[in-house]
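Below are two complexes that have chain A in common, paired first with chain B and then with chain C.
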Partner chain A sequence: MPVAWLEKTMWNLGLEVYKQTFSRTLPFPDELRERYMVKGTNVYGILRAPRGASTESLVLSVPCSPGQQNNQAVGLMLALASYFRGQIYWAKDIIFLVNEHDLIGMEAWLEAYHDVNVTELHSSGMLGRAGAIQAALSLELSSDVITSFDVALEGLNGQLPNLDLVNLFYSFCQKNNLLCTIQGKLQRSDWDSLPAYLHSLQTLLLMVLKQGSGRPQGDHGLFLRYHIEAITLRGINSFRQYKFDMSTMGATLEGMFRKLNNLLERLHQSYFFYLLPSLSRFVSIGVYMPAFGFLILILVLKALDLWMKLSQCDTEADGQACDGEQSPRMVATEEPKPSLLALVPPLLICQATGLALYFVPILGQEMATQHFPVSESEAVVLTAIAIYVGGLALPHNTHRVLMGSGGDRGWMTLKLVALLYLAMQLGCIALVNFSLGFLLAVTLVPVAAIVQPTGPKYLYAVLLVLVTPAATLLFCLFLHGELLEYPISLLEGWQRFLQAIAEGLLDHHLYGSVVFPFVAIFVYPCWLLLWNVLFWK
Partner chain B sequence: MGEMGMELVKLLLLLGLAEAAVEAEVPRDSLQEELLLSPLPSGDLSATFQFRTRWDSDLQREGVSHYRLFPKALGQLISKYSVCELHLSLTQGFWRTRSWGQPSLQAPAGAELWVWFQDSVSDVDKAWKDLSNILSGIFCASLNFIDSTNTVTPTASFKPLGLANVTDHRFLRYAALPREVVCTENLTPWKKLLPCSSKAGLAVLLKAERLFHSSYHSQAVHVPSWWFSQRSEKKYPQFIIFKTDASCLSVSWELRQTLTVVFDSFASGHGKKDWSLFKIFSRTLTEACPLSSQSKVYVDISSRGQEKELLDVSPAPLSIHEAVVQGDRRTYAVYDLLNPALFNGSRSLNVQLKWKRPQDGLDLPAPVLHAQRYVSGYGLQTGEISTLVYNTHPYRAFPVLLLETVPWYLRLYIHTLSIITKGKENKPSYIHYQPAQDRRQPHLLEMLIQLPANSVTKITIQFERALLKWTEYTPDPNHGFYVSSSVLSSLVPSIIAMKEEEEDLSPLFTSLFPSSDGSSYFVRLYTEPLLVNLPTPDFSMPYNVICLTCTVVAVCYGSFYNLLTRTFQIEEPNRGGLAKRLANIIRKIRGVPPL
Partner chain C sequence: MPDSHPSATKAAAAQRVLGLGVFSPSFRGRDPFLRARPGTTGGAGRGPSAAAKMAAPLVLVLLVAVTVRAVLYRSSLAALISDRVEVASPLNAWKRVVEGLALLDLGVSPYSGDVFHETPLIIYLFHFLVDYAELVFMITDILTAVALYLAIQDYNKVLFKKQKLLIELNKYAPDATELIQTPMEMYYIPLKVALFYLLNPYTVMSCVAKSTCAINNAVIAFFILATIKGSAFLSAIFLAVATYQSLYPLTLFAPALLYLLQRQFIPVKIKNKDFWLYTMQYTGLYLGSLIVIICLSFFLLNSWDFIPSVYGFILSVPDLTPNVGLFWYFFAEMFEHFSLFFVCVFQINVFFYTIPLAVKLKEHPMFFMFVQLAIISIFKSYPTVGDIALYMAFLPLWSHLYQFLRNVFILSCVLIVCSLLFPVLWHLWIYAGSANSNFYYAITLTFNVGQILLISDYFYAYLQREYYLTHGIFLIRKDRTDPMLVLK
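Now for the complex of A and B:
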């Protein structure tokens, strides 16, 4: 990145120019982007609002990396800066930021600006600040010819910007006759036809998949942690007929900034939790949450059912019928006082496996590369998969050693615990990242409800393996390919699967995404508990 | 006849008195007006007006009823509330010390008021409240929002400039309103205090539409009282009194009205930094204020660094004044409006300044002392106020006095206060902390910190955001709440040796904060005000709740109350249907008891 040139240009435009250098060593090499030890520089210029006391500011950020073609965006940003500088109506300072190494640079800048250290970034040379950032726009232009703007909303951990910001941009685009898409899909003009509904469903599903991944879908995604409303605008050349020149886009951005400049308060009136089937329609939290609640209710009801069966056992423990399904007398005689001790080993083993899944891949990468002919990132991913699969084969029948052969009470209690645990996890994650909770719930809940050590055991086993979080990830990848109308082959799918695991780990360590630890430490052990239930006897 | 005689005597007496007054011809009050135009390091232009109205009489002791130049509104205020010193500033914008250099007179964004009362005042708080309310009326500003939650009594940061009891800070009150927006409505009453208003003299340049088309606008009123030596016409602050003979000194009051404007040369000049009076004020000067005894325009033409003679100023100045201001040698071109030679060539004075060479360069010379303040952290529970204080002096360390006023709804954790310089902890030599009381008084933190040479000192203190009662939120709670600027006062060692200036001769403000000795000069800096978001409830929620509860109450309570209070009686159907009546009539006829 031409740091000196940028500094000089911004200075000549009349901005206060500062730069920030940062460095970060990744936990393991990122093979997709080919980076391991990242060193970079962010350059930013602050346009001071006349007669403003630098209490509030807006940000226009443009990622600029050597490999990435975003020069048009930098040019547009500088042109905007030069135009903005001559205007007197600014009430908020405007920060023009060119960040290197896309998300890492953005994270470094945000952490330095807010003077916190969330990740292990080292940065230096932050001098200028401009108060509380009220809103931010991130601009990416992929080619000279722009036919439409694509709006990216999904942020870190599935956080979304206030819906008002999206609506603001969309309505302004409509006014300027700019094409505006979401998830790369243009809104259809007809609404009440079946193809239109299917189209909306596809858009909605794409949003669910992206949100569920917990990845920031653009530089804006990292702003959301600091309660700064932000969206990423991608100028896209989709080879449509209408093309827009830079001045139209400049006018649109200027309009956006003037609108944001006029804000008296932070955007807070509209929704923070929503799903968008198209840019002009949304599904609010009030609509989708009850549906999710009913899904969770299955688990709770099933748990209640088990609880009642168990308490029935307690009251009729004198040797009478304990359970309707299976040799009640035997259970009652074998386990007159079924202690909770039997539950401790499976719980401990499952949790320990989860913790191993979380810690071992990163810690053990050095050892793995010494003993196997793999690169670091391959080592990490393969170790993770090995632990994941190995978890299935762990000694799950410790209770037999401790308590003799397993009875019905044992697995029922264990399943009760597992169901409640799962319900709690899904409920919590749905509050933070609805899509992730939803994807997990849709797959896990039905199987979790029916799984038991009696009946068609192998069918249950197959079902249970099919709904394991890793399998869900694989299905999601294929679904994503289908939705983008770009189906991927099996081999490609496997490659993507490995990539997705590596990126999930990197996202967690670089930006603090919670998806990987959530799955590794909570969902996976819970799933192992169900696996235990299945093989109780 | 007798009455007529009396009238005559009275008339004669009056005439005699008038004559005596004319004979004495003591101009007990005088007006001096000055304008300082100085290009700032960043290339912008600052214009500072100062109007000094001096009155050699004691407003407090004598029952003054006749006002000539001194505004009556302020004079009466001072005598009524036994004010010793009054400083009020109204500012729109923020003085960017880093790019504009050390200000001649800085003020925080918004409104600031500090007053020293006489030690005869018994109830200082009441006097302060009344005074701020009256000033609010005089200056059309929201000073009436000054109450106990934003008033503090600093112990060290604010010393009286002139004649006041230095030791007892109980008679000092300080308040800042960072939210105050300053506009024309505040400028007009300020201009009205001038003896010539804006009709003549330098004040004709004060055109609101130009003054507010700028990067920074700050207007202030300072009323210090001084001891004046009648012989040497030199004024002394209180602390010198003990050294000199007090008998030859008399009290005099001075009203300084200052106005500082920074014009953005970049936006207006399309990159060129040349300016003229007409271009920036859209007016030119034609005459001095007839009431003024001094009327001068100073233009800073000092060369920076090696480059000499960069500036070209026209018309050619009649005199050049050299002075050391804030540790820097400055050269001023002086235009004396009272000098008739100035208007010989043309009827109006339009000072112009041209740069011979375009100047550029990324690095500005950093001022010796500057500071930055910000809120760090994220989330709505806790946060941290960080202040960075820079000392760029190459070899001298100096102490700085930091005053922080934080509203009560940010609960400071004083044990988290940390002062780090060059990686080491820096222990303040003086610390005064007054904790906040909810809804009563703000936090006050004063510290004396030694700044080592060429260092950055980071002062951090953590806070927790309080939940307000729902009526205490402002109408725009999601905008955030302001924390007023912190004040840094310091005697900054100067790089150039200063000589004791004859204050009345040196331009403007060296006189306002006199240097205690030749090697240092006084600087008062204000940091940025902060905007902090507090946890804010959804205010549509109470409305929803009210609607819901009203409905519930109306439907459920109404019907329940109805059920509970109504007395039920089993009512005998006295008359049945038509068939029954007919049957009863038949029964009556038959002589049988009715149904």
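Now for the complex of A and C:
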């Protein structure tokens, strides 16, 4: 990145220019972006507001990386800066930020700006600050003419910006006759026909998949963690006839900044929890949460059912007086009351496997590369998969060693625990990242409710393997391909799968995404418990 | 014939008890396990060999508890936990203790700012022990657990004797024998109590956060131990220390007095001279030691600053940092000029239940103690999960009420879900900014309602069991339908 040139140019435009250097060593090499030891510099200029006291600010951020991608955005930003400099109506400082190494640079800048260190980034301190950042726009532009703007909303851990910001941009685009899309899909003019519903469903599903992945879908995604409303605007140049030039884009951005400049307080009304089937329609939390609640209710009711059965067993075992017709159905166990201690080993083993899945891949990568002919990142991913699969073979024999053949009470209690555990973790994650919770719930809940050691065992086993979180991930990758109308082959799917695992790990270690630890430490052990229930006998 | 079944059982049960006459042989006959363990069958409980047998699992539990705490102290979770508002309140956060110590070292009164609200004894304790703080908190927890263990062991002995006496006096209904606790059932209760206290995640978190709530709990546990051992002197002293520490244990005066009176076989009657004499003695001891401790604190710091800063702070609730209690949201929303009235209303809530409970549970001071502890931890002004852990430790003691509990499954689910939702909603409110304080308060409210329902469930179950014990299980109305038990 031409740091000196940028500094000089911004200086000449009349901005206060600062730079910030940062470095970060990744836990393992990122093969997709080919980086391991990252060093970079962010350059930013502050336009001090003539009408304000520098207590509030807005950010226009532009990622800058070598190559053709995103090569027009810096130019537009500089042009805007020079134009903004001449205007007198600014009441909030405006920060023009050029960040290197996309999200890593963004994270470094945000951490330095707020003087915190949540990841293990090393960065030089920050010299120049404007006020508290009220809102941010991130711009990505790869050509000098565009046909439409695509709005990216999903941030880290599925956090979403305030819906008002999105609505603001959309209505402003409509006013300027600029095309505006979401998930790369243009809204259809009709909305109450079947193909239109399907189209909306596709858009909605894409949003669910992206949100569920917990990855920031643009540089704005990291702002959200700092309580700053932000969206990424991506210029799209498709084969459409009618194109817009730089001046229209500039006018749109200027309009957005003027609107944000006029805000009296942070955007806080409106919605933070929503799903968008199109830009002009949204599904609010009040609509989708009950549906999710019903899904969880299945687990709770099933757990209650088991609880009733268990307490029935109790009373029947205690009062032997009840008539003999009932007793053969409730298989009398050798010990009428197996103590809860029998449940401790499976629980501990499952949790330990989960913890191993979380810690071992990163810690063991050196050993793996020494003993096997694989690169570091392959080693990490393959170790994770090996532990994941190995976990299936591990825990389900302990109770037989401890207390002979397990009775009905044993698996019922274990299933009760597993169901409640699953319901609790799904409920918690759905509040943080609804889509993730929903994807896991839709797959896991039905199978979790029916699985038991009697009946068609192999069918249950196949079903259970099909809904394991890893299989869900694979399935989601194929679904994503289908929805983008770009189906992927099996081999490609597998490669994407490996990539997705590596990125999940990297996201967690670089930005603090919770998806990987959540799946590894909570969902996977819970799934193992269900697996354990299945092979109880 | 629908009515033949209960009456037949009743007759059989009556025969069993009346025919055998004495209490313990009937149980020996019923439970084959007891014959294998001679140490447990004796009327007074256990001999030394049994005590040794029980010591091994207790040591194991202690070791596990210490290991868990030591590992957590060394992990990165410790900092995270100690910042949680559910674990550390303004009254007992370790950060504030450190701040107070720093002020003391600088020669400034620790109470001069609005940060430090510990009592002077605590600050002098940690003045010497601050370098060993982790050790101190681990030992405190262990002492609490051991005290509870010994207390419950002793209580079980007393209970056993009482049961025997009542059976010999024919106070129990003949068909209620199966409700009577057997020594076999009671055998593991002390261990379970210690286990519940030490390995309860609430206690663990409280210890890892170095919340001084652990010390208050230890004092209360010692107070309970002294009371159950029948030592009025020590009981009064520990109660005074507990009151001095956090004020609310004041209400434990009533159950302790009732227990001691019961132990001395002094009936609680207004006209009884012994009753008044004993009460005056105990009150005198309590007030005397309280005055001594407060004066000691005065001489330590040479000022009365701590009175408004500790007790004023507890009573007038100026700090509205969110916590698991009911106060903060209510007073954050309220207009200033109403707040004095409502502070009084809220605070009276803690003390209000003592009198009706004392009347109702006159004969069962230990259960009264448990309910009172729960009420304190629910309604106090700055509750933390450490307070809740103390009364939850007593739940195994009432495991014989299990068959009378109605909603225990749902309520325990509610409590666990709420505990998990606290950090999630806090994150959404404070960090993500997408939720607001109403979300968090809703969970606080649910959590407390869950606790209240749990306690009332236990309360009714206890009364119900007592009723059945004296009136018999198989009650039949005059019109030969199944009766409904209405508790009044």
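The rule is short, and it goes like this: the second predicted complex is superposed on the first by the 516 of 537 C-alpha atoms of A that agree within 3 Å, B and C clash if a C-alpha of one lies under 4 Å from a C-alpha of the other, contacts with A are read in each partner's own complex, and residues count from 1 in each chain.
Throughout what follows, a residue touches a chain if its C-beta (ideal position, glycine included) is under 8 Å from a C-beta of that chain, and two chains touch if they have at least 3 such contacts.
All of these numbers come straight from a predicted model, not from anything done at the bench.
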item: Touched partner set for A:Arg225, first chain B, second chain C, both or neither; value: both
item: Which of chain B and chain C A:Gly255 touches, first, second, both or neither; value: neither
item: First (chain B), second (chain C), both or neither touched by A:Pro446; value: neither
item: Of chain B and chain C, the chain that contacts the larger number of chain A residues; value: B
item: Touching partner for A:Glu56 - first (chain B), second (chain C), both, neither; value: first
item: Chain B versus chain C as contact partner of A:Pro517, first or second or both or neither; value: neither
item: Which superposed partner A:Met424 touches (first chain B, second chain C, both, neither); value: second
item: Contacts of A:Trp307 with chain B and chain C, given as first, second, both or neither; value: second
item: Chain B and chain C contact sites that coincide on chain A, given as residue numbers; value: 225, 227, 268
item: Chain A-touching residues of chain B, taken from the complex the two chains share; value: 92-94, 96, 99, 109-110, 178, 212-217, 264, 266-267, 270-271, 360, 362, 372, 374-380, 384, 386, 476-480, 482, 528-533, 536
item: Residue ranges of chain A touching chain C (in the complex, touch as defined); value: 159-160, 224-225, 227, 268, 272-273, 300, 304, 307, 321, 420, 424, 427-428, 431-432
item: Residue numbers on chain A that touch chain B, as the complex places them; value: 7-8, 11-12, 14, 16-17, 48, 50-56, 85-88, 114-116, 127, 129, 131-132, 225-227, 264-266, 268
item: Chain A-touching residues of chain C, taken from the complex the two chains share; value: 5, 9, 409, 413, 416-417, 420-421, 424-425, 427-428, 431-435
